[in-house]
Each structure stands twice: as structure tokens, then as C-alpha cells.
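Below, subunit A partners subunit B and then partners subunit C, in two separate complexes.
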Partner chain A sequence: MDFNISNIWLVELFGVEFWITQTIVNTWIIMVFLIGFAVFVRFKLRKMDDVPTGFQNVIEAMIEAFEGFVKSMSGEHGKYFAGWFFTVFLFILVSNLSALVGFRPPTADWVTTAALGFATFFLTLYAGMRFRGIGRYLKSFFEPVWVFFPLNVMGELSRPISLSFRLFGNILSGLVLIAMVYTLLPFALRFLLPIPLHIFFDLFVGALQTIIFCALSLSYIGAACAEE
Partner chain B sequence: MDPLSFVFGAAQLSAAIALLNGIATTVGQGKIGAAAIEAIARQPESAGSVRSTMLITLGVAETSGIYGLVIALLLLFQNPLIALYLQLAG
Partner chain C sequence: MHSFLPLQILTSAPDERVFGLDMQTLIHIIAQSVNILLLTALLAYLLYKPVQNFLKKRSEKIKTQIDQAALDMATADTLRTQYKENLDQIEQERVEILDAAHKSAADKSRKLVQAGQTQAEGLYTQALVDIEKEKEKAQDAVKTQIIMLSSLMAGKIVAHTVDQETQDRLFSEALTELEATSWPT
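Here is the complex of A and B:
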């Protein structure tokens, strides 16, 4: 059973030693893939048609579907964050699906999901301050009465932790289960029997957790910038 | 008894106990699914929005089960007590 995060090489920066892990390398590979895809789309769409056909049609349909999703989850103000969440959506989706081609998905490391969860946390604060004003947003922590301030802060702080552990736990549990099945099976059976497991854990759970992460983040942001 | 084997055995037992919260999680998820089926049976035209809301609610209800899983995995593979014991034993 091999599902630990392997260290690849040691880097020393300003006297601090840290390891470049498999997670970081896989994240770089996925980043290269996504950036390459973005550049490809940009050059393919150099001449925009007014009436979209073919490739442009597909891309526009994707963007419009995602904007509709953002609007339905977080209301009118959420459109400001649609770009960031489309990036996050694609990154998590490609990370989860990369388990299909034998990568260790970067989202099966709490480091990655914690970064995404805390990004949502800071975006929530920013959204509240931008769309409701600093004073009115900070005042919402003291509602209904000032005694509730610690509870409200705890509630706000528990969100990134639950968001990140949900994604991390789901992907890691699939990874561990599939690794266990591969270890238990004799060599001849390893090619056919695990296919349904890959379809469920990598394709279905991966896509579902991506949608759940984005939907929950967007509804937190929508709640932060909603006027009461 | 060898103290190290006691620490390992206790870690595995507590991992099993941590996973018991899957019972409650499953009951909760079953209730969500039953309510969604009732809603769809009553108003079949709302099936699309009920389904997407159900999936998100299932994800939220799953959280406690996932916490138990993370605790069990930490106890099994990254147990701080075993590291502490090895450090103390030298």
C-alpha cells in the first residue's frame, strides 16, 4: 500500500529547509496543463465571431453555465468572484480526475485543500467588507447581541476547516480504498476488477466534491454580502 | 506486555471507534435521501432543483463522517503518541 506523500528533493531557502513533495510537483504539472489549455483557447479564439459556432460555442456555453451556477448560489454580487471560482473549479476537477491516469491527486493532501479553504475564508471577509461596508460587516459579528461575538467568530473560522477537510477526506478515502484493493487482489485480477471503484471514487466523488466545494464557498460569500 | 504493542493496539482500536460515527452519518444521509424522494414524488417537475440541493446537503451531512475518517487515518499512519513513545524510549 503506497499512498503516503513522498518527498522528492530538499530545498534550502533563506536558511529554511523544506521538502518539494509529490503534491507540489503534481500541482505544477496540473498548472502547466491548465495554463496550456488557457493559452490554446486564447489563440484559437483570436477572431471572435458574433454568432458563435463550433469551438467558441462550447467555451461560451461552459462559461455561461458556470455564471448561471454562481448566480444561483450566491446572488447578484457573486458574479464579481465568478472568475476565481471557475479557476478553482477547473483546478480541483483536474486534480481529482488526475487519479485516473495514475497521479497522486494534489487534493489528497491537506496542504492544497487548506490553501483553497482559507482563500474562501479571506474572500468571504473581503466580499462582506466590499459589498456591505467595513462598519456594517463588522457589526454583523455582534448580532443579535454582543455576547454572540465569540460564537460568530468561531462559526466563521470553522468554515475553511470543514470545507478543506471535506474535500481532503473524500479524495483521500478513495485513494486509500483503491490502494487497499490493489494490494489485496492477486496480480492477474488487478486489471479489470478495480474499474468500478475508479469510476465511483475518481469520477463520481471527484466531480461531486468539486461542485460541493464551489457551491458551499459561493453560498458563504453570498451570505456575507447579502443585505439584511 | 510489550508497551509498544499496547500503544499500537490501542491506536487501532481507537481508529475503529472513531469510524463508528459512520452509523449516525449514514442514518442522516438516508433521511435526506428519503425526504428528497418524497419531494420529487409529490412534485415531479421540481426534480432538477431538488436533486442538486440534495447532493449539496448530502455533502454537508457527510462532514462528521469525514472527520471520523481523518481521525482514524491520523491514528493509524501519523500517530503522534507512537512518535512520542519512541522518543521517550530513546
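Here is the complex of A and C:
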């Protein structure tokens, strides 16, 4: 039973050495899978019809449903970030589901969820400054009265932390639980009994956490853009 | 190998772990950020933007078609109204023409009847005048015949006793008396 993130090889870049970990390699594999999927979709839809049928219908429904989700969570301004969150959504979902095929999900490593969480943090700052103006956005940190400034700053900084640890904790806990069950079960039962656990932790929790991460991120951006 | 302490910690970090907060973590966060940014750019270029652009263009096309249809509908409504107005105008003109024709025909008919009546009255009056004249002529002729007849009868009666002079005088007297007598009309 090993929950650790394996270090694959050591790399030196600009005089700094760092490990290429299992998380990074799995991320590349997932990237290749998603890019392959995108290329496949483009190939299949190289000539899109005005009246969609079959596969085109599925892709259009997927994009339109996602745009509706973005709009409902963050309002009109959210559409500027829909492309980013479309990728984040697919990446987190495929990462979480990759546990089904024996991968260690990249989202079970805090570095991945932190990268996503801080991206949301910077996007929130950018959205607030762009759509409300720098002055008005910064002024919102002093509301309702100036003494709330430290609390507001802490509240803002806590968002990427909470976002990243929520996703990381949920996925890692599922991974640990399933690994423990596999360890405890006799070899003959390992092929049948963990299936409900995989369905719950990998499918249900994985999809749910994907939606939660994107919904919260979008609501933060929507709140940052919204006028008082 | 490195004089900078955090980097020493980095390379000397445990091979395998679940969670850590050190330079290695920071570098991995940056690496994952780069990975996700790269993935976003590629997915946006390959999948999201093309489909989104297509959907947008199609929406605009449908909107244009709807607008055009609304415009055509408005034009059709205008034409229909105009057509209806024309029909109403034509109907009104038809009624006016018919009324005028009826009126003209009635006038003409009345004039013809009047002319006929006038002509008939003229003919009737003329006929009455002619009748009167004929009647007078007939009376004159009868008078003359009666006188002549009377004269002949008287001539035969008095042929033996009255001479020519007396006969002429008597004839003149009788004629005067007859002229004085009024004839029934």
C-alpha cells in the first residue's frame, strides 16, 4: 500500500534541479488524451452542418451546456473565462476518472489542485480589476469599513487554499480508501468488491468535485465582477 | 552542489511523498500551471473556439434569417394592406361608376320620355287643330251645298214667277240668314 507520489527522474533547468514526478507524467498523459480527443473531434467535425446530427449534436450540446453553466454561475462576464474553465473542467474530470484505469490522479497531488486554485485566484483578481476597475475593486477590500481590510484579504487568499485542498482531499481520500480496501481484501475478491467503491469515489465524487471546483471558481469570478 | 539552502533541500527531498511544502512543491505548481495553460491553449484552439465560433455564426445566421423573415412579414403586411386599400378603392370606384351609369341612364331615359311626351303632346295639339280645321272646312262645304241645294230647289219652285233679279236678291237674303244661323259644333 503506497500512496506516495513517485519521482520518475531528476531534471536540471536553469541551474535548478527538480523531480519529474508521477503526477507530472500522468498530467502529460491526460493532456495527450485530451488533445487527441480534441483532434478527433475536429477531424470528425471538419465540416459542420447547420442542422446538427449524431456526434456533432453531442459536442454542441456539451459546449452549450457548459456555456450555460458558466453563465448561470458567474453571469455575463463569465463568458470571457469559459474557454479556460472548459479545459479545467475536462482536465479535472478526466484526472479524477483516470483512477478507474489504475492511474494515480494528478488531482490527488496538491501541486495540481494548487495550480488550479491559484489560477482561479489570479483570474478573480483580473476579472475584478477589468470589469469593475482597479480602484473600485481594491476599494471593495475596505468594505463595509476599513477595519475589515485584513479579513477581506485573508478571505480572498483563503479561496485558492480551500479550493485546492477540497479537491485534493476528496480525491486523495478516495484513493487511500480504495487502496486500503484492495490491500485488505483477499486476491480473489479484489476484482469484484471494490467496484461500488470505484463507482462512488472515482465516478460520483470525481464528477461532483469537478463541478464543485468549477462552480466555486466561477462564482468567485462572478462576485468579483459584480457591482455592489 | 548548490550554495542556496532551499535548493539543497529541494534535491535532498524524499523520493516519494504525498504532500510537502518546499521549493520542489513550488516548482511543481509552476510546472502544472504551465501544463494546464498549454492544455488550455491547445484545447481552445482545437476544440472550444472552433465549435464556439461555429455556434455563434449559426446563431447569427438564424438571427439574421429571423430578422429577414420579420422584415419580409412586415413588407408582406404592408403590401397586403396596400392591396386591400386598392381593392377597396376599386370597389368604391366600381360603385361610383355604376351609380353614375345608373344616374346617367335614368337621366337619359327621363329626357327621352319627356321628349316623347312633348312630341306626343305637340302631335296631339296639331291633330286637334287639324281636326278643328277639317271640321270648319266640312261645315263650310255643307253650308255651301245646302245653299246650293236650297237655291236649286227655290229656283225650281219660283222659276215661273220670279225673275232673275228677284232670284239673286232672294238668294242673297237667304245666304245672309244662313250665315247668321249658328251651326252646332
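Convention: the second predicted complex is superposed on the first by the 228 of 228 C-alpha atoms of A that agree within 3 Å, B and C clash if a C-alpha of one lies under 4 Å from a C-alpha of the other, contacts with A are read in each partner's own complex, and residues count from 1 in each chain.
The working rule: contacts are C-beta pairs under 8 Å (C-beta built on N, C-alpha and C of every residue); 3 or more make two chains touch, one makes a residue touch a chain.
Just so we're clear, the structure is a prediction, and the values are computed from it rather than from any experiment.
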First, second, both or neither for A:N4, with subunit B first and subunit C second: both
Partner chain(s) touched by A:W28 [first = subunit B, second = subunit C, both, neither]: second
Touched partner set for A:R166, first subunit B, second subunit C, both or neither: first
More subunit A residues in contact - subunit B or subunit C: C
Touching partner for A:L216 - first (subunit B), second (subunit C), both, neither: first
Which of subunit B and subunit C A:L208 touches, first, second, both or neither: first
First, second, both or neither for A:L116, with subunit B first and subunit C second: second
Set intersection of subunit A contacts, subunit C complex versus subunit B complex: 4, 172
Interfacial residue positions of subunit A with respect to subunit C in the complex: 2-7, 10, 15-19, 21, 23-24, 27-28, 31, 34-35, 37-39, 41-42, 45, 48, 50, 59-60, 63-64, 67, 82-84, 86-88, 90-91, 106, 109-112, 114-116, 118-119, 172
Residues of subunit A defined as touching subunit B within the complex: 4, 162, 165-166, 168-170, 172-173, 176, 208-209, 211-212, 215-216
Touch list for subunit B against partner subunit A, complex: 55-56, 59-60, 62-63, 66-67, 69-70, 73, 77
Contact set on subunit C toward subunit A in their complex: 1-2, 7, 10-11, 13, 15-19, 24-25, 27-33, 35-36, 38-40, 42-44, 46-52, 54-55, 58, 61
